[in-house]
Structures are given as structure tokens and as C-alpha cells.
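The structures come next, written out as C-alpha cells.
Next, two complexes with chain A in common: one pairs it with chain B, the other with chain C.
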Partner chain A sequence: MAMRQRSLAVAVPVPETVPRRPRRVDREQLGGMAMLLPTVLILVGLVLYPFVYSIWLSFSDKAVGSAGRFVGLANFRYVIAWPQFSAALVNTVVFTVCAVAIKLVLGMVVALVLNQQIRGRNFFRAFLLLPWVMPAFVVYLVWRWLYDPLSGLINYALIDLGLLQTPIAFLSERSTAMASVIVAHSWRAFPFFAISFLAGMQTIAQELYDAAQVDGASRWQQFRHVTLPGLYQIIGVVLLLSTIWTANAFEPVYLLTGGGPSDATMVYTLLAYVMGMVNLRLGEAAAVSTLFLPLLVGLVLAVTILLHKKATA
Partner chain B sequence: MREPDGRVHHILYGFQGFMLIARDDLIAQAGLKAAPATWVDMLAYAKKAQQPPRSFGLVIPVSNQTDSNVWEDVMKSHGARLADEAGKRVVLGDHKREVWEFLDYFTEAWKASVFPPGVTTWDNTMNNSTFQSGKAVFVLNPVTLSLWLEANNPELLAKTGHYTYPRGPKSLIHPVNFGSRSILKYTKVPELAKQFLWDSMEPAKMDAELSVSQWGPVLNAYLGFDVWKKKSFMKGLVEMSLRGEPEGWPDAFNDAWREQATNTTISRMLQRLVVDNWSREKAFTETLDVLGKIYGKYA
Partner chain C sequence: MRETLANRALTYGLLGLFVLMVAVPLFWMVTTALKPNKDLYEDFSYFPRRPTLEHFVRVIQRDELLTNIRNSLAVALTTTAVTVVVSALAAFSIVRYRYRGREWIGRVILFKYLLPSAMLFVPLYAIVTSLGLGNTLKSLMLTYLSFTVPFCTWMLMGYFRSIPPELEEHAMVDGCSKIGAMVRILLPLSAPGLVASAIFSFTLAWNEFLLALVFTVDQSTMTVPIKLSMMVVGDQYIWGQLMAGAILASIPIAILYFIGQRFVVQGLAAGAVKG
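Right, the complex of A and B next:
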């Protein structure tokens, strides 16, 4: 049986409101927010606004010198039907996966070597950073010269050694162009991996290796069961950053091949550059970037999940 | 110069463009005389005069860089054109026979190994540097190359000739671009600006300017300047100015044409043949598709 509730109105004396000073905690909160404000403004101005604006651009026919108007999905349809789009999609994945894998292996090997007590270790540790600190423009022009079929060092060496009869146009043949770009990029960027891994190795306690040796662990087993687990967090961060940087790399392809020969090395950054900066069609360029956003997020998520599983296993 | 809207927006002060730059000494050594009159002649000269790997006959990029657009001119001299008179509708499909003749010509040149290795990824400087290092018989390049030779390698310049483009089977297509001056629409001193334009076109003033620049003459009044006689390569500029056509010709120079040019559409068709081993039909079909997409945006 439902009970009926009765309400009763009662007059309660209201205390006189006295303006009080903000409590100490409130003042601290306000101060904290004030201090965060510049950062928030910078993030909104330099990250959020450009991001939202680029999404808007991808839905407009904005070109250099024109205001641009909303065109719905026209840019996306145009870009997806463009002959080089599918090539850019495949090439971006191939370039990113291969280059990151090479940098990971090379960086780990070099870090392991430089973590040993070898002569001139400090010199080599400093020397290691050279490719990383050199301007990308210089690095890739040097590599272009190295690959040159007429005057490049690699062809000269291979012909002198009797390994080749005629020079190879490394950057100009479909079979070799992408591999050549990946090698040049990996050479430039692997020091970041090596130096990060080396720093991580310094934090692994020597006692763990001593104990492993007492237990009769081989070098490989020490690496597999002591070094690698100790580096998982660093490997995760480095892989994450490198995947983002590599997928967004522009200079290696632009300076070495211009996306050619044909579309053999066309990656999405170059396609966006051609559409936006060369053809001056900013809406189409933004559509290219927007279309690749899920792919990049997917790559980053895959790396993160993979490493999280490893670290928590 | 009159624009497609029928109005004059700017006044020209100089012509500029690519020309045929040739190693006259290598051509003479091969027992050949004078500059090639046709593209077919040029290929024959290139085959005969080159001595790879010391020198290569045709040092022309076939890449994704804009210097490769010279191939569009070669194709048009075979009788093809991209779009109709209005520059709106793609008509290249109606010129399949001419395009295939051009593709046959290019394929023959490719098979004859007159191109240096690597041209399919060359940037816009590589033909310059190859010529500067003495490894080229023919290049198609602006006079900037000769100005560099004048300052750095006069001996090589003395062996170098400058000519208009050779003829194709149907016509001679030699595009010329220009430098021009305009008055801002919202200028506060329009009369003063107009007077400046008149003064700057004054022959005595232009004589001084052209003697230290790289522009060809835009007025008959400039043809008597000493600069054309003093420097042999500047004669090439005069000939180009007298005989050249506006950029894009016979197509209308509009946004659609410009965009297909920045996409190096014709050079990409050639790369499909020699890099990807596509058939002529497949490469041609893709080119028509790309042109249709670009021109369709501006129709």
C-alpha cells in the first residue's frame, strides 16, 4: 500500500550573510588556474585552433588568395580518387614500419656496444649524435650525392670492388628508391634510439647482471631477461615518438626523390605538400592530412598497446 | 598584356624562358653542323654526339619537378593539346594519335640511352649541374645556366650554343614567360605610378637594365641594344622573344592549366611508361583521368 507523504513548510531563521575572505584553498586554486592559463592559451592557440581550422579547411574549397566556402565531402572524394593517394597510403605505412624497425634494431645494437667498457667510449658516445644534430637538409643532400649514379661514392665503390658493372640509379628505380630513402632516414634518426636506450641501460642495476651470471645466464639470456625488461618503458616512449615523427617525415622524401620515380616514394606528407603548397589548393591538402589522421592514430595506438602488454606481462 | 578577361592588368618589361642549350663542340666533333631543326634531329644528334658515361645526349628531367614540363611542349609540337579554346573541357582524348606518336618518340629516346641515369627523380637543378660539369650535349634550360658559365666557366660557355626549341611534326612550340609591372588598384598616387611605368619603359633606362639582367626584349625599340650583340647567349633570348608563344600555348593559360603543370601531368605519363612499365593505353587513360579531374574543378 502506497504511503502518502505530507510536506510541512517551516520558517527557518536565515543567518545574516557576512562577506568572507576566500579560503586559503580557494586562493591557491585560483593561483594555480592563473598559472595554467598561459599554457592553456598556448595550447589552444598553437594546437587546438590549427587542428580545428585544418578540419574546417578540409571541408572547404579554400585556395591561396580565395576565401573558401563549404563544399562538404568534395575534397575527400577528390583526394581518394587521386591516382597517387593509394600509393601514398601504402608508402607511408611501409616507410614508417621499416624505418622504425631498422632504427630500433640499429639503436639497440649501438647502445649495447657503447654500454661496454671499450676504448674511446666517450668519444663514440658524442660522435653518435652527429647524424641526429646535423640539419636534415645537409644530411639528405649528402645522401643524394652518395647515391648519385654518375658521381656518387656508393656506385664508385661498388664498381671499383668489382661488385657492379654499371652504376645503379638507387633513387630513380622503383625497385631501389624506397629502400634507399629508408636507409638514409634510418641513418639520420637512429642516434635518438641509441642514446635513449643507452641512458636506460645506465639505470639497470649491475647486481642484476651479477646475479644472472651466477645463475649461469648467457649474454643473450642476460639481454633477454635483464636488459630488455629494464628498457620496456623507454622503448615504449621512443617507439611512440619515432612512429609519429617518421610517419610525418617530409624532408627525406622531398629532398631525395620528390616522391618519385613515378609514385614509388610518394608519402602522405608530400602529397599534402604538393596539393597545398604547389597547387595552392589548401582544402585538398587539409583533406589529405585529415584522411591520414586515423591511420596515424592507429599506428600510435598499436605501438602503445603492444608495449603496454609487454610491460605488464 | 591582355588577360583572358580582356583587360590589361600589367605591362611587360622582359621575356624569359627555356631554350635549347647545346655543346656545339661535341656536335661538331660528331661531324654534325648547326643546331637540330626538329626533335627527331635532336635525338639523332644526341645519339651520335654523346659518349656515355663522359657525356649524355639529352639531359632533360623526366621527374615530378616542374622542369620536366618541357615534355608537354614536345607533345604539343606533335599536334596535341590538353583542352579546348576556352580552356574548360579536356580534349587530349581527341588527339590520341598525336600523343602516341609523341610517346613513341620518347620511348625511342629512352631505349637509345641518351638520358643520364637518374633523370626520373631529378630536381630542377640537376640538368644545370650536369651541363656545368661538361656531361651534357643538349639541355633545355633558361639563360641562368649561361650566366653561371659566364662567371665561372667561360671556356665551356665558348663551346655552347643557344637556340630556339626544335620543331615537332606539326609545329614549333616554344613557350615564353615574362616579367611585368602593375599598379596597385588602391594606390593613392595613380598618376605618379603611371608615370613611373612610362619612365621605366624608356629605352635608355631599359638598355641599362637589360645589360645586367636576363630578360629578352619586349619592344622593337629595344632590339638595337648592344647587349644582344655583346653576349652570344643573349641572342638566343632575342630569338626566343621574337618567335615564342605564351606559356601553355595552344592551351589557355588558366588555373586549370597551371595546376596540371605543377602536377607535371605529362612527365608522370612518361614515367608510367619507363618506371612502371605501363602500356601506352594505360598511361594515357590515367592522364586523361587526371586532366579531367583538374579541369573539372574549374569548369
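Right, the complex of A and C next:
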């Protein structure tokens, strides 16, 4: 870092020393800014403007095909009073917390196994990454088929093994729907945890383990006092990232249950979708998103700061 | 000695379990696509006894999946081409030039990379329809830039930072312009990063679901994910075709993954998920 700055200072002479230089530097700066222009346009037009527009929408009665008027907090009052909203709030939290916890534990165990000296480690690493590499919609369609009550593999195998008498409609019974969605999602997303943790484990110096062994540390103690402290930062980043992605997941619920049965798996992204695209009430749909905004922005800012510090450190 | 043996057993036992856990759904996807309907719904079997390609034929002929594959390819390739050029310029500008607001834009880019499109689909829908782009592939090509460009810019920033600027400075001392130095020195050296960013933007665009679901409404504009999700609700006995479609939809990604694994790992190591 220090080296880079010094060399840049050589490449771009201090303007004040030579009278003719400022114009050249200005032109160079302009060139640099011109290269950034398309990205700035994209960020302003497709992120910043929609973001602000979304907040305005949530205070308006805009529907598809009509211009909106300002209606104050009416949308928020309507949305909050709606029973589906509280269901979505609870479900989003349950889904996020459970799925992230499962992915964390599973990802850690997989990383620990892959970090051992096993034959064909590269092959297994690539193979266990497959659920994360496959398109998400493919994964959830496959799981919907696995869960099928009439001809699905899970029901058939459980009955075949004598563990079950009658098939379970995993995705359309209140008691099993949410758990089934969480399992399918965890299957898809655990490799991200595993691969990140594995990358972190491989940066931990072998000498630390050797020293711990000399001191008579057990496997568990080595994990607890060498591996885990070495991974704290990565665990933090991965947890925050995954929490953001999981809380905003749309596909698992849309493709597996459609929010049912009777809203048992309704999450906020799906609620916003139903509001806006099925009921065609954009104002209320935007209000749903806006209500989740403070939480999300808090999480995103936390990761932004963490990652930005790391990238520029 | 016995402890290490137990450890070995535990390691390989768990490994076997994980491999099975990942393999079973994949195995089921592939074998379902290869079994005739009779074996799927009446005469159940774990392994395909009479493998057939009829589901592939049907999903292509009756469900016209090729149209959707063409749509997906058009969107993903256009998005990727634009993204790589735009992000490379942006990352070069942020990393190699000094002007005010540069750091700030880096932060906004990262912020957007993390902000999910679930937050933005309602206003984007309103914008797309008011631009008259409703139900067009153009609407997807345009809006996908909102996540591919920040992602790839962020990744390439990390990549460019890892390449010492001295090399370009030498070229500039030898009379190369700054842009010339970028084209002749920086870009060739960061080829793996550029390949990785192309792979990522293609994958992101190919897999995108929510915006495609919201923006496109009929067969002529539907991308593969939406088409397959619409088939689920249509017919009870659709699973053979659906799994055949799912395999076809996974093929481009699988090819990219196997060709590009090396680049992706390098690109990631340098950029986005810098360990």
C-alpha cells in the first residue's frame, strides 16, 4: 500500500511545481472520471433513483397504469394491519435464523473435513461446491420434486425403509412446510460457508497446530483455540453476507411453496411480490420493502464497512 | 496411533455422508429426466431401467424450451459483454486515477453489490414500464447491469490493486499513454480476473429469477428459469420434462464452471471475497 502511493506520487508529479502541469493533470483526471461515467450512470439510474423512488412509492397510491398521489402513511398503516405482514415478519426471521445456523454448522464441519489430508481433496472440494454452483431455480425445482407427496423420492424411500406408513405432503402441511424450505435452502447454500471457512483455515500457520500438539492439546482444543480464533473475521463477514442474502431470498419460497400453506412460509420478499405483481398495488408493495429497509441497510452497512476496511487495508 | 485411526474413520465417514447428501438430489435430477413416465409415477424404481430421451425431446418440441434458452443466452451474453467493458473501465479509473469522490464511489459500488434486488424490483418495474420496456428482453439486459456491474467492478478493483502499478509506469516512461498502458500491460496481466468477471456476470444473469419473473409475461420473452417455474403449476406429470429442462439449463453453467474454475478461484482470491 505504502509502496503504491509512493510510486503513484512519482507517476503524477505535484502540480504546483511546474506551471504547465495543472492542465495536464486536469485532463488526466477528466479521463479517469469519463471512464467511471457509465458505472455512475448505472448506479444513479438503476440503483439510487429506484431506491429513492421506492421510498416515494411507499407514500403514494400508485397502482399499475395510474399516476400516484401522496397519501402519507396510509400504505404503512394498511400493510401493518394486514395479518399477512406479521406472518411474513415472523417467517422471515425464523427462516433466516434457522437457515443461517444450519449453514454455519454444516459449512464448518465440511470445511474441517476438507481441511484434513484426504485423498482426492480437490475433487471432493469441487464436488461439494456443486449445490452452490448450480442455478438456484434448478435446485429448488429438484427439491420440489424430491418432496412430492405422490411420487417423490423422500416419501418413497422413507416408506421403503419402513420409517413411514403414509406419505407426508412436506410442502403443503403447516407443520413441515417451513422446515422443508429451510432444508432445501441450506442444501443449496452451505458450500459458500464451507469454501470460505476452508480458505480461511488454509491461511492458519501449521506451526500453531504443531505447537498446540506439543502442548498436548486435543483435537477439540486445537479447533477451539487455534482454528476458531483464526477464522473470527471470516465467520463475521460470511455470517453477515449470508444473513442479508437469506433474509432477502425469494426463490426458495416462491418455487417450493408459493408462501403457503395458508401463509406458513410467507416471507417479506414474497409478500412484496404478491402485493405489487398479483394485487397490482405498487404503493403497498413498496411499503413492505421500506418497512424492512432499516434492518437491511444496517446489515449491509456493517458488511460494507468490514469488507471495505479489509480491501483497502 | 489408534486416535489417528479413529480420526481417519471419522473424516472419511463424514466425507462419505456429505458426498451422499450432495449426490442424491443430483442423481435424482438426472435419472428422473431419463426415466419414462411409467417408471416415475406407477412402477417406481431407484435406477432407470429403460433409459429414454423422450423428456428432452418433449421439453424442446412441446414446451419450446429452445426459445427460452435463446432468450436467456441473449440476455446473459449482452449483459456480460457490457458488464466486462464497463466494470474494467470503472475499476481502472478507481484504482489508478486520483480524484475526489473516488473512494466514495468504491463504497457505493460495494453497498449495491450487497443490496439485494428484492429491495428494488417494485421501483424498477415502474421504471421499466414507464420506459415502454415492459415484457421485453431489453428490460432484463438493462436492469441486470444494476447488479453485474457493481459485482464485477468490485472484483476487478481487487484484481487491479494486486498488480503493481510500476509496470504501467515503466510503459508510460517509454512513451505509452495511460490508456495504452492499461490496454497493453494491465488488461493482459489481469486476464484471469477479466475471465472470472465475465463468468460471474454470465452466471448471475443466467440464474436471475425475480426481475425476469416480474418483467416478462409471455413465452416469446420468458427466460429459462421463468419458463420452468411456469411448467410446475401446469401439469401433474411434468417432472420428467422439468428435470430434462433443469439439466439443459445447468449445462452452460457447468461448462463455464469446469473451464473457468481456475480463473474464478484466482479472481475471487484477488477480489470479492478477499480472505
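We take it that the second predicted complex is superposed on the first by the 248 of 313 C-alpha atoms of A that agree within 3 Å, B and C clash if a C-alpha of one lies under 4 Å from a C-alpha of the other, contacts with A are read in each partner's own complex, and residues count from 1 in each chain.
Just so it is clear, a residue touches a chain if its C-beta (ideal position, glycine included) is under 8 Å from a C-beta of that chain, and two chains touch if they have at least 3 such contacts.
The shown structure was predicted, so the numbers you read here are calculated from the model rather than taken from an experiment.
When the two structures are aligned on the shared chain, A:177 is found in touch with chain B, with no touch to chain C.
Shared-chain residue A:134: touches chain C; no touch with chain B. Of the two partner chains, chain B is the only one that A:279 touches; chain C does not reach it.
In the overlay built on the shared chain, the residue A:150 is in contact with chain B and with chain C.
Of the two partner chains placed by the overlay, neither chain B nor chain C lies in contact with A:101.
In the superposition on chain A, A:205 makes contact with neither chain B nor chain C.
In the superposed model, C is the one of chain B and chain C that contacts more residues of chain A. Once both structures are placed on chain A, chain A residues 148, 150-151 are touched by chain B and, in the other complex, by chain C.
Interface residues of chain A, counted against chain C in their complex, comprise 3-4, 7-8, 10-12, 28-29, 31-33, 35-36, 38-40, 42-43, 46-47, 49-51, 53-54, 57, 62, 64, 109-110, 113-114, 116, 118, 124, 126-128, 130-131, 133-139, 141-146, 148, 150-151, 153, 156, 187, 196, 199-200, 203, 219, 234, 241, 244-245, 248, 250-251, 254-255, 269, 272-273, 276-277, 282, 285-286, 289, 293, 296, 300-301, 303-304, 307-308, 310-311.
Within the complex, the chain C residues that touch chain A are 7, 11-12, 14-15, 18-19, 21-26, 28-29, 32, 40-41, 44, 86-87, 89-90, 92-94, 96-99, 105-112, 114-116, 118-127, 129, 142-143, 145-146, 149-150, 153, 157-158, 161, 164-166, 169, 172, 178-179, 206-207, 209-210, 213-214, 225, 228-229, 232, 239, 242-243, 246, 249-250, 253-254, 257, 261, 269, 273-275. Those residues of chain A that touch chain B in the shared complex are 78, 81-83, 148-151, 167, 169, 171-174, 177, 256-262, 264, 274, 278-279, 281. The residues of chain B lying in touch with chain A in their complex are 53, 63-65, 116-121, 123, 130, 133, 135, 259, 262-263, 268, 271-272, 275-276, 286, 289-290, 293, 297.
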